[in-house]
Amino acid sequence: MSTTHLQYILELLGTLVFAILGALAIEDKEKDWFAAGFMGFVTAIGGGSLRDVLLGSYPLVWVGDVYFLYAIFIGVLMTFVMHKQLAKLRRTFLLFDTLGIGFFTVLGVEKCLQLGVAPEIAAIMGMFSAVMGGVIRDTLSNEIPVIFRKEIYATACLAGAILYLVLHPYLDRNLTLLLSIGLIIVLRLLAVKYKLSLPSLK
Amino acid sequence: MSTTHLQYILELLGTLVFAILGALAIEDKEKDWFAAGFMGFVTAIGGGSLRDVLLGSYPLVWVGDVYFLYAIFIGVLMTFVMHKQLAKLRRTFLLFDTLGIGFFTVLGVEKCLQLGVAPEIAAIMGMFSAVMGGVIRDTLSNEIPVIFRKEIYATACLAGAILYLVLHPYLDRNLTLLLSIGLIIVLRLLAVKYKLSLPSLK
Amino acid sequence: MSTTHLQYILELLGTLVFAILGALAIEDKEKDWFAAGFMGFVTAIGGGSLRDVLLGSYPLVWVGDVYFLYAIFIGVLMTFVMHKQLAKLRRTFLLFDTLGIGFFTVLGVEKCLQLGVAPEIAAIMGMFSAVMGGVIRDTLSNEIPVIFRKEIYATACLAGAILYLVLHPYLDRNLTLLLSIGLIIVLRLLAVKYKLSLPSLK
């Protein structure tokens, strides 16, 4: 299997997982199936869509390739059928979420570089790709977005994006990907384990 | 009067009605005229604008044709002058809202098909055209969006959009329109009458 | 220094000030540095970005010119280092905010006219340029957007935008700018001083 194929399959899998995470995120509420599906959809496509709308890069990924929609549909369906089992896997999902934000951050950065965007912008857009789906979901649900209440989250994505931008002129792509995604995962898991937050203004 | 003319007039009328519904929606709050007008505006143009921004289809309808802005302006003005009388017509407005979401869903689907979008995407975009204006309004007002708290609403739009996509290769346009909008109206009115909701995850 | 240079420097300064205002706006909360920086960023670029996305005018200003990002970065950094001193300057910042919304409203109107947009649309987009960054920030923070709770604010921008559109065919550019921005500043400061609001629907 070529790297391109592997990457495409990982993108679909990541989208499916984000849809499950998004649909599960509202499980505690008295929301109906439609709301759960909608939230899964928004979580899965929100970040990348915002990035592409801000860049004017059309068509949006899921508009141009309907398989992403099917990945979301399967993820939401899995949530409906197995939500009791899935809800017990929160620890596993934390890991999946961490893998997902690492992967989507770096892919977002790469897309920006291919579009000729300045690296400073690419770092922000990479972070947006990973975290803004959750932000839009939380805003629609009238909750304080997760990136403002959790331990270090978006900051880890930003750090990984910057590492990618620093390394990619010198190292080969796979190594750069590995190190950048690795940094995001390590930062995030350490933050969760030791409840690390950035200092507040006060 | 040709069908095209009729459709254009219905679009302007639908925009006017959505502006009234949006401006009235905040009547209970202590918001001022500007807020009411702004909410009317957002409700009327939000859904179609989100659809067109996601599709990269420019200019947005109301940016390219200033008559839509006038329709909104008249709707908001009517709300200011007659809001006491209008507030008594809530039952009538429920009907108008239902007609409106049916009409805008199907027009949104048709626009997507003309732009060559896949039918799966067209169904979602059609539903977005009808309901996302209200979602944006509610999010700005810090309320749980109407589509997450009401009886079957967006789901009816989705069903009508899918029916349109199934029928349109076989039936002529007017019959397809009639049946799809009819399905949305019937589903929605039944849901209101019998307080039908989709099951929740619990 | 040419007018164009002066305008560019004012745009960067205005962006810096809006970033400070945005980052300070959440000082009362227990949010961390990332949240403060993010809010400064959103406040500074939100209005212009929404305008340009609605117009399909790419690249967005801050995506095409990375100096705007540096202006935001400096503003956020200043907030971190000097937030106690800055927090005492609220009266001064009210003045800066008022200058800023006047300036950005009129620049937004001019950009629309250059893009060939109808004047009615240009007035709305000018107002959006000035106030929607704050609206997006407040929506993300789960607060009622400032334009719905404050004394006359967005309405002053709208009035200034309309004055610009009325005057610009007859007067030279600098005088038109001066009078339009002046109207916004006077309306806003009078509204704050005398606690003027538009009437509410009730």
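Note that the chains take the letters A, B and C in the order they are written out, and that residue 1 is the start of every chain.
Heads up, the rule we're going with is that a residue touches a chain if its C-beta (ideal position, glycine included) is under 8 Å from a C-beta of that chain, and two chains touch if they have at least 3 such contacts.
Please read these numbers as outputs of a predicted model, since none were measured by experiment.
Novice: Pick one for the touching-chains graph, please: line, ring, star, complete, other.
Specialist: complete
Novice: Same or different: do the copies chain A and chain B touch each other through matching residue numbers, with over half of them shared?
Specialist: different
Novice: So the centre of each chain is just the mean of its C-alpha atoms; given that, what is the distance between chain A and chain B in Å?
Specialist: 31
Novice: Any chance you could list the residues of chain B touching two or more other chains?
Specialist: Residues 53, 56, 139, 142.
Novice: Residue numbers of chain B touching chain C in their complex, please.
Specialist: So the residues of chain B touching chain C come out as 27, 30-36, 38, 41, 49, 53, 56, 58-60, 62-63, 66, 69-70, 79-80, 83, 139-142.
Novice: For chain A, which residues are in contact with chain C within the complex?
Specialist: For chain A paired with chain C, touching residues are 53-56, 117-118, 120-121, 124, 135, 139, 142-145, 147-148, 152, 154-155, 197-202.
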